[in-house]
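The structures considered in this document are given below.
First chain A sits with chain B, and in the next complex the same chain sits with chain C.
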Partner chain A sequence: MAEDREILREVWDGRVPVCIQLASEDHNTLSAPDPYYLMVPRLSYFPLLMDKVRKHFLRFISPDLHEEEMWLESDGMPLKWHYPVGVLFDLHCGGSSLPWALTAHFSHFPEHDLIRCPSREVVESHFMSSVKEADGLKHRGQIITNMQSKDHKQLWMGLCNDKFDQFWAINCKLMECLPEEGFKFIPFRIHFPCQPSLQRLIKPQTDDGRKVTLEELLQEFLPRGEGDRVVIQGIEVPRDTPLQWMSEHLSHPDNFLHICHIPTQG
Partner chain B sequence: MACLTYEEFVTGCRVLLQVSKELGDSWVMCHSASDSSTIYLSKTQCFKADLSTSISELTAEKSESPDEIDKLIEDFTQEPEPPDPSSVSNSTPGYIITYEYHIVYSLSHSVPALYFNAWYASGKLLTLKEVWERVSNQFCEQIADNKWNSLTQTEHPVLGRPFFQLHPCRTAELMSNVCCESEQTPKDVKKYLISWLSMFGPVVGLEVPITYYNK
Partner chain C sequence: MEEEKSSPPSDLTSESSLEHTDHDSNKATPLKKIDVLLKATGDAPIMRKKKWAVEGDKRVGWVADFIRKYLKLNSSDNLFLYVNQSFAPAPDQLVRNLYQCFGSDGKLVLHYCRTQAWG
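Our next item is the complex of A and B:
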């Protein structure tokens, strides 16, 4: 684990370039606002990063929209803020044209598609819930339950403040296991551009002690066409990589492996 | 810790469905659009709420058949007359609120989880705050104490869109106090599901009649 630590750092430091413009139906000034350019961390969540963007656009929208929740859209698709930034990028943009062009809206919140996010507490609650789920799969929840709430807080603050050491001081406990056994189940989700995400159970080892690979996971749970892209943390991981290693090194801070399946165009 | 495998959950749902039919209740089984082996149970219930009264006076009109639900909606969804300053109205208009409950399997916690959505007659979803306010007084303390960990809006694991959820992370612990079978006896999945539903359902307005236990 120690020799692969630089991979953890690389994953932590991943950034994507975005360009956010204000929805034309929401701006009510003669001159259009400048778009807002920024680099966003792959591992973070949009609501944690949008304070300055919101302030930038506030003067260009009508006062009755000032209290409204800002939501983002990519090429007509409302962005699910509760997915990590990197997952949304890999699903919707994939680097085909950079920076990733997003539109900020202040009206017509799509409440049937998007969870409401009125405060950072909502993001924290969602994040901690995912961490608990992941530990439920890896360790029957034993490790997260036995942690003190100050440790939970440290995980969250480490993520919010981009503090790798602070985060991993606690997260390494969630990555513990007996080397010969691995986790009970691997926490993963498969995401698609236009259908609900998929979550299933898979063990990191077969009964005879052989390590299960990404290829086997994909074969078991996905009907795949030729040339479909499978992207994790922005890279097409070699399909013979063991799931246990991937879970320890390529998971997001919520301790899930987020796998993006992008079918090739017909 | 009392958990269920997915197979046990499916068996329990089938039994619950059977009991529901016998009692004239309205649970139905639904399948994932992309994978027919993934199932969940669904039930819709309408509540008549007078907006000017407090939570404790909320009354539930339980509908037993789809026709009755339609009539109820018809009766109450007519828009109130625009206020006429020359007339005196005796009562504030009643509003209908529809709750749709789903019993879904939580893969991460190996237990059932209760999801639901609630909306006004206009189709507008209730906010999380409005949903919290409707939690009956006897449960308010538990929810308020641990607000962000008990009842939140989240993504439905099968449908992939926003639903409210009662967090399942403590379900196994709570259920182990109720179901104390030894490892040897086969699990009574019907008893498990009905006990579970009786614990969690009432928090969000879903009552489980005592007749469920007798079947």
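Our next item is the complex of A and C:
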């Protein structure tokens, strides 16, 4: 439906403004280098966007750090590159002050908190793994395994190059289902600012054919979260929205619905 | 420094010791451990003991490190873990999350291999 395609487009076009500063301990110049400003797509991953930033800062750091992996921090929290940008933004910034202030580090890699990301290929295989996992939940993996590897490549390149049509030409197959049945399970993860994510099974419909809503998901898996904010793609979705609709329209390109649970302060 | 060690880390318990700990349920193990079945794929060495009880809040990366130690591989050696013989979970994914979504017959099956098996 045309209306639905507009929603997919809006979600795809989501951007967040970021301002990246070099960690003071990492620059070997007297004054701090200029920060780097950029608009980053919510649906992308930081390692795909940081080539220019890295190059910008290399001039200001000592040569023995030049080969080190650059990692990002937001207000003391190391950012997990394998989460989509928008998820990290909703968890750690939420738009309280814009642009989102990040610090780039070239030393003291937090081995306990972050996975290493030596190349773009690592991001690609993480992404494809998530797509396969999601299809395992939605269709017992039948759609993704029946696709050709050029289709897999097209999904990935569509995301990398910010090509909506290229990506959705393939992704729409992963969203197929019988309207009266929906997916087998809804691929979702609930993220928290400071603890591991939660992933469980939930069906989009009850046995008597009623659509399961966001409210029911939250009641089942976050029973004590009353009053807390629940943010998906930067918005607080009405709690009576059916999960099946959300999965088709608000999932990230990895085909997971990423739900951010933000506790109320104090 | 770990080379000398042939026994598994203490927080993994074998089936027999799990039965044993079941008796004193008041001990500081509030959550039931999860049975994880480790299966070799490709040219990966087979583990003599395949079924392990793992705390649900352990990460996948921790399980991979455990297999490396058990098989006496270097920490830099490649080791890939797969669920459903299809996807590789992120190293910081919790064993409990995978068990809840992909466990069957009361256990979680993980395939491990030293080269990428299922792209």
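The criterion applied here is as follows: the second predicted complex is superposed on the first by the 261 of 266 C-alpha atoms of A that agree within 3 Å, B and C clash if a C-alpha of one lies under 4 Å from a C-alpha of the other, contacts with A are read in each partner's own complex, and residues count from 1 in each chain.
Convention: a residue touches a chain if its C-beta (ideal position, glycine included) is under 8 Å from a C-beta of that chain, and two chains touch if they have at least 3 such contacts.
Not measured: the values here are computed from a predicted model.
Engineer: Quick check on the superposition: with chain A as the shared anchor, is it clash or fit for chain B versus chain C?
Structural biologist: Superposition result for chain B and chain C: clash.
Engineer: After lining up the shared chain so the two structures overlap, which partner does A:137 touch, if you call chain B first and chain C second: first, second, both or neither?
Structural biologist: both
Engineer: Check whether A:263 is in contact with chain B, with chain C, with both or with neither, and answer first, second, both or neither.
Structural biologist: A:263 sits against neither chain B nor chain C.
Engineer: Determine, under the contact definition given at the top, whether A:199 touches first (chain B), second (chain C), both, or neither.
Structural biologist: In the superposed model, A:199 contacts both chain B and chain C.
Engineer: Determine, under the contact definition given at the top, whether A:78 touches first (chain B), second (chain C), both, or neither.
Structural biologist: neither
Engineer: Once chain A of both complexes is superposed, is A:17 in touch with chain B (first), chain C (second), both, or neither?
Structural biologist: neither
Engineer: For chain A, which side has the bigger count of touched residues, chain B or chain C?
Structural biologist: Result: the larger residue contact count on chain A belongs to B.
Engineer: Counting only touches as set out at the top, which of chain B and chain C does A:124 meet: first, second, both, neither?
Structural biologist: first
Engineer: State whether A:115 touches chain B only (first), chain C only (second), both chains, or neither.
Structural biologist: Both partners.
Engineer: Which chain A residues come up in both lists, the one for chain B and the one for chain C?
Structural biologist: Looking at chain A, the two contact sets intersect at 80, 82, 115, 125-126, 128-129, 132-133, 136-137, 141, 196-201.
Engineer: State the interface residues of chain C toward chain A in the complex, per the touch definition above.
Structural biologist: For chain C paired with chain A, touching residues are 57, 59, 61, 83-84, 86-94, 97-98, 100-102, 116, 119.
Engineer: Spell out the residues on chain A that touch chain C in their complex, using ranges where they run on.
Structural biologist: 80, 82, 115, 125-126, 128-130, 132-133, 136-137, 141, 145, 149, 185, 196-201
Engineer: Going by the contact rule set out above, which residues of chain B touch chain A in the complex?
Structural biologist: Interface residues on chain B, with respect to chain A: 1, 32-35, 107-110, 124-125, 127-128, 148-149, 152-162, 167, 169.
Engineer: Write out the stretch or stretches of chain A touching chain B in their complex.
Structural biologist: 80, 82, 111-116, 121-122, 124-126, 128-129, 132-134, 136-137, 140-141, 187, 195-201
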